[in-house]
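The structures come next, written out as structure tokens.
What follows is a pair of complexes built around chain A, which joins chain B in one and chain C in the other.
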Partner chain A sequence: MSKVEGGKIPGRQLMAVLVLSRVVPMTVAFPMMTELQVPQDAWIASLLGTLLSIPFVLLVVRLGLRFPDKTIIEYSELLLGKYLGKLVGLILIWYWISVVADVARELGEAYTIAIMPETPILVFMTVTGFLAANAARDGLEVVGRMGENGVWVVLFFLIVMFVLPYDEMRFKNLAPVLARGVRPLAAPTGTVVSFFLQFIVLGMVLPYLNRPKDAARYSVYAVLASGLLMTWLTVVLVAVFGPTVSHLAMPAFSLSRMISIADFLERIEAITMGAWTLSSAIKLALFLWASAVGLAQVFGVSRFQPLVYPLGAIAIAFGILFFESNLDLQRFLQFKNLGVYSLMVTLGTMGVLYLAALLRGRLPLGPGVRR
Partner chain B sequence: MVGKRTLRAAALLLVPVVMATATGCWNRREIETIGFVLAAGVDEAQEEGKIQLTVLIAKPFAIGAGMGTHGTTEEKPFWVVSSTGYTVFEAVRNLLSQSPRRPFWAHNRFIVVGEEFARKGIGDVLDLFCRDGESRLRVWIVVAKGAKASDLLQTEFELERMPPEGAMGLLEAARMGLSTVGEDMLNDFLQRLEGEGIDPIATRAEIVPRPQEFDIRGELKREKIGGSLRLTGAAVFRNDRLVGWLNKPETRGFNWITGKVRSGIIVIEKPGEEGKFIGLEILRAKGAFKPEVKDGRVTVTVKIEAEANVGDIQGFIDLFKSPELWASMERRMATVIENEVLAAVAKAQELGSDIFGFGAELNRRDPKKWASEFRDRWDEEFRDIDVQVEVKAKLRRSGLVLRSTRIRK
Partner chain C sequence: MLGMLRRLLSRRMRRRQGSGQAETSSVEGRISSKLPVNRERIKAAFGNSADLVLRNLQAGAQGKISALVVHMDGLVDKRQVAEAVIEQITDIDLKWDNPRQAYADLKVRLLSASGVEEVDSLDKFITHVAGGHSGVLIDGVEKGLVCDTRGWEQRGIDEPTTEATVRGPKEGFVEALRTNTSLLRRRIMGSQLWIEEMRIGRISRTRVAIAHIAGVANDKIVQEVRDRLRRIDVDAIHESGNIEEYIEDAPFSLFPTTLRTERPDKVTGALLEGRVAILTDGTPFVLIVPATFTMFLTSTEDYYERYFIGSALRLLRVASFFISLTLPSLYVAVTTFHQEMLPTPLVLSIAAQREGIPFPAVIEALLMEFVFETLREAGVRLPRVVGQAVSIIGALVIGDAAIRAGLASPAMIMVVAFTGIASFATPVFSLAIGVRLLRFLMTVLAGALGLFGIVAGMFALLIHLTCLRSFGVPFLEPLAPIVFSDLKDALLRAPWWALRTRPQFTGKKAPTRQAPGLRPRPPSPEEEEVHHLVGEEGGK
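So, the complex of A and B:
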């Protein structure tokens, strides 16, 4: 079978796209924040969630590296056989499409809530979706390079956002630590982990790394980098908004609205919107690419490009159809919904695949598989 | 298969289509069609259960006209207009039946609340200001003592044509130079509302009447000059209801405790000479407090460090010769500070409002004890807190002279 995707990307581009895709649920809606019962402990949940996610990412990398030139879709067929393997593949593709759907919807909601309440949400979703689909059609190399360049811009925006509201920060708000114990932290920590589980998309990217041995290193860097950014953001948010932080629909946006330096540098929420737009577009591109390549491989289509636009259109339609309102979306992003769903899909598939790999450990894995 | 050439031609054809459709968006607003709200006020409306919203909108054409060769125009550069509604949002929308320009809220600096309205609770009117995308959390909350917000918004300043600009200047100057204003923006106010063991404050403002017949100094050429505005301390809330006021010394006492004193004048009696005073200028100050629980009773230790310079002295003093005089001035300065602090505490306890956040600090230090012993009965407990004040007062410099001028008799 000819290769569906022919590109190769370096590890740092992988890291960039992963960081960007994790930044999206921090700068647009910040689901873990809305679940906080004890806002001052947000940073603990964030840090804990980040650390708990590392083993999962390593698991994905480890399994992936056993099949150096196969995507997760391809090796699930090798491990589970044709029909069961394809089924697992389709589940994963469905999961990625649903990620695309809610990222697009989140971005649209953010725009409509924040600045253009009367503009139909479909406008933002299609424009960004179209942009992302174009990048995805050009293959992984383009997505990777977009990430590599975009990540610096987003990072700059984030750091501006994290530092400049210093006048409003009251670090007293962070005390007392663990006043009500660790139990209330369960849901927010779960949410943090559930968004890291989206890194299962690594399974699609690994075979296209130009140096596969970099994979583990850069994936863990990506988890740590985005986890630390998130922890920093939670600290700043709690310092600025105190107990009211969990009321905010888009905390990062509200944060950038608090910036006021000498009555001169203010009203710079455009930087947050820049961060949203860039990171969401790249995340959409990555997940669209993954689902299109995955679908091509499941059905043995030789080119994935023709699948990108239809998949994008379907995902955006889902984005509209899945959620009645912004509240519906926010509720969906909570641990008891999206969290449980993500856990089931990602841990379920990874568990089955890993188990199969263990059982078949001594058996020949089929042609083209090196040990 | 379509050729590349055809595709390119199609793309070229798309360009004018995109150019024609992508010029703006649904929500574009031309600057000529919006009116900048610079301050908003909330009162009770005459109709039962309704809210009266008063906004001050900038008049752009009148601002520009003032810059001409004639100095000032007779036209006010602002327009104050009221509307009513069951909710603030309805009232805002109802403004459209009077204002040809759509009110634009991003530049709003003040939420003024009339005293009567504030006493009934302002929680319900704040929602719009944090929910709406145009309005900001960096808005000052001002309570009009003994007046309606709509009257306060009619006041003017001699030195600023635009009243909110004047009020901003006043607020900045008073915060930096006097430390006698309660300073809470909407963001702090909401946090204090939501927080445990802490109550909100707001800026207290009064109207100074200025009948035109008697006042011709620096007269603005107008038919009628309304009152002017004066900042006179802080408004104390319990939950979202106004319960009382701090006057200027009490407000400074509050600011000492919360560490917000930046500058100000401390007047002490001159040691050894009755009826003569010395003015000290506060250079810098630090304030902190620490609540402790002993035998089930709460004691708060307030620690204040202040540095000051001698600003002016009545009568003769040779500071050069008497170091003990210097020390006694420092002691008197410390006493003044202590009295201000105790006055603020006494007033807050009388009103039953923990504006300092003693309870919140207790929670930070010992969350378990707070939850088990104090949270539910903090209102009563707060009233009998024993407050100890420790002041370290330092005088640093005495200006350009060491000895005052001696009047030879």
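So, the complex of A and C:
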């Protein structure tokens, strides 16, 4: 078997990268918030979504561990046969590329709306995309290490952001609990789950772990950590802004505007924006890496590096072309669009693969398959 | 980004290979049994150099045996040559009549220099003579003897000029290799300190020594150092900087991946972490490999002062590293794009200062940075006598005149000056200079894209640093990948008794360096009672 990627990363770095990639949507746009009808219960939706996502992540890990040293692209070919397997692989790669396009656009929109309205959005998207592709080209080890470092920076800023507006928080805003029943929570919970479904990228990372046995543990930790961060953030947001929070375009950003340190650093939102750029770039790097390695494996190319820059360019172009305006982007991020799309792609492919694995049972599947 | 450049260059280099290599003349063949032949060949090899001394002697019964003593004037200790070599050969009491007997006697008994070696190739003989040995040839014997009579003028051991400390040894390396190895040997008396020597340079034949601690250093790294040094095939090595460029991992990086130092205590500290030192004859700068990023922000003094102070100083250095990298760019970004981040009075004051200045903040920053760098460079190169003039003019230009002429704002002067000072706080010059170059880049980025530019620049820098390796060790270790056990001696320094383990990547072979539980404790109550009693008895 030709090795497309040679690096190995410890489970800790996997966790860091996953947390970062989950933190991105909630700090930049936080789509769950915008479709809330009952903001008071947002934290319930966020917790619920987190818990619902754990079985899915475990499913990905379990299937992956049945094929140690095979990526999801490789074992889908083993399970479904050459052509169907490649098709499933291409669907996943398309999904990852669309995630990249989407994240890059979100970041660009955030910059042009909030910080530098006169600079064209393309600048932010290309610069971030180029840097991310650069990191992805250096392989998973580099992405993992950057994630491991970046996560501390991002966590620091998040926690600063969560704690410092303490004066403004009114915890009464959180009452009443479940005033209108569980029903209105369905869509936001779905959004939360749909973002966690992006963890299907685990299927690419699993074979490159130092100790594959850690995979389940660390990916569940990642889900829990990012879920708790998200819940904390929703609580803070609702406590600060009250029910109006669902009308804010970028709630976390507005939160950072409330902060004033010692009357000297008045508005540190540009600094938090820096932390978001870092996390977005690492997320882009991870997904670009996954799609490049995946594509190399689908078409039997021996090196993935030459594919990274073209894929990055394509993804950035998609990011420009997919959405006409910020409004369009916001609409896309809603559950009925992105959520359903995510659910279909990820649950669909995982379902098909799992079924195939079940049907094939203990049949010999080729070299490299043990257990 | 650099990958492409690297590939292009290596392609070009491959094309050039095989064309004209430097001519190096060496003397072929073995030592002849005829003395005049040897004499002529030696003379020819040195091109009749003025400092070559050839002394013909007659020894043995009735002076039947003729001998030749060869040495380089100025490289030998003359008294030693006279006493240990010439006097021994010409001793009147010796009644040799056979050259072989004379040779054997000289070899084992008579030559009283500390090192006597037998050589049979003329090339080796000449190399030794050129290195300060005295060579002895005897007519009728096709072998030669070389005696260690080296002794030349050298600078005394002095305080290292580039790495001064308040506390700690004041000795620095000098230009002589043997003195330098002795400085190491005096600090590590155990036989585990292994020093091997090789010669690099076809013409310069420079002596280069590799030092490591047996049983601590990773054998693979030591072998890698040997291999990389053996690969070097050049005319001459002038300074350890040449070697550095031939052996470093990332020749296209602004960041150095070998650490150079003048301090023997720094070298022994690194050796005991499992690193390898490369000592070069002719320069006081010793290379330490593998080098990691945190080593460049470390001064030996951190280990001598108490750990609170050591840690605080290190944090200060880390802070000044970031300041020297980003402060001007932050200033440019904030004043150009993000005025809202500052409190209103400060913004107004800066705006008022910038009132009459014709340039945008980026140009102003680049200009002042350029002036500052020029001043610094001039200050280093100027003869001491005129040095003062530069500082006076510099203070005037940078401090007062620029503001009065309306070329720069006082706030900018402060930023540039503080950045300059912060860049001096980086203990290793080779890192500081890379950062100074990057600062210009960051300023331009900030001028174009504001804080986003700075973040993008830092991200690119982080990618680059994460990719770097020094002899197989990740350059950012223990920060990326995070190695928890090594964080104790990275940005902070834990107390000595807590530094139980060596760094993971280099010191795995002998993981611990001290016994557990060395933390000092006040005596327990029972013990105290004993002390008390003893004290009382003493009193009686």
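Rule of thumb we're sticking to: the second predicted complex is superposed on the first by the 365 of 371 C-alpha atoms of A that agree within 3 Å, B and C clash if a C-alpha of one lies under 4 Å from a C-alpha of the other, contacts with A are read in each partner's own complex, and residues count from 1 in each chain.
We adopt the following convention: contacts are C-beta pairs under 8 Å (C-beta built on N, C-alpha and C of every residue); 3 or more make two chains touch, one makes a residue touch a chain.
The structure presented is a predicted model; accordingly, all values stated were derived computationally and were not measured.
In the superposition on chain A, contact of A:T119 is made with both chain B and chain C.
Of the two partner chains, chain B is the only one touched by A:P243; chain C is not.
Shared-chain residue A:A135: touches chain C; no touch with chain B.
Judged by the touch definition given at the top, the superposed model places A:A175 against chain B, while chain C stays out of reach.
Residue contacts after overlaying the shared chain place A:P212 against neither chain B nor chain C.
Contact with chain C, but none with chain B, is seen for A:I271 once the two complexes are overlaid on the shared chain. Residue contacts after overlaying the shared chain place A:R145 against chain C, while chain B stays out of touching range.
Using the contact criterion defined above for the overlaid structures, shared-chain residue A:G7 touches neither chain B nor chain C, since it reaches no partner.
Between chain B and chain C, the partner in contact with more residues of chain A is C. When the two structures are aligned on the shared chain, A:M258 is found in touch with chain B, with no touch to chain C. According to the touch criterion, the shared surface of chain A, contacted by chain B in one complex and chain C in the other, consists of residues 115-116, 119, 123, 267. On the side of chain B, the complex with chain A involves touching residues 25-27, 106, 133, 136-138, 187, 190-191, 194-195, 363-368, 371.
Touching chain B in their complex are the following residues of chain A: 113-120, 123, 168, 172-173, 175-176, 179-180, 240-244, 254, 257-258, 260, 267. Residues 10, 12-13, 111, 115-116, 119, 123-124, 127-128, 131, 134-135, 137-138, 142, 144-146, 148-150, 263-268, 270-271, 273-274, 277-278, 281 of chain A touch chain C in their complex. Within the complex formed with chain A, the chain C residues making contact are 1, 3, 337-338, 340-343, 449-452, 454-456, 459-460, 462-463, 466-467, 474, 476, 479-482.
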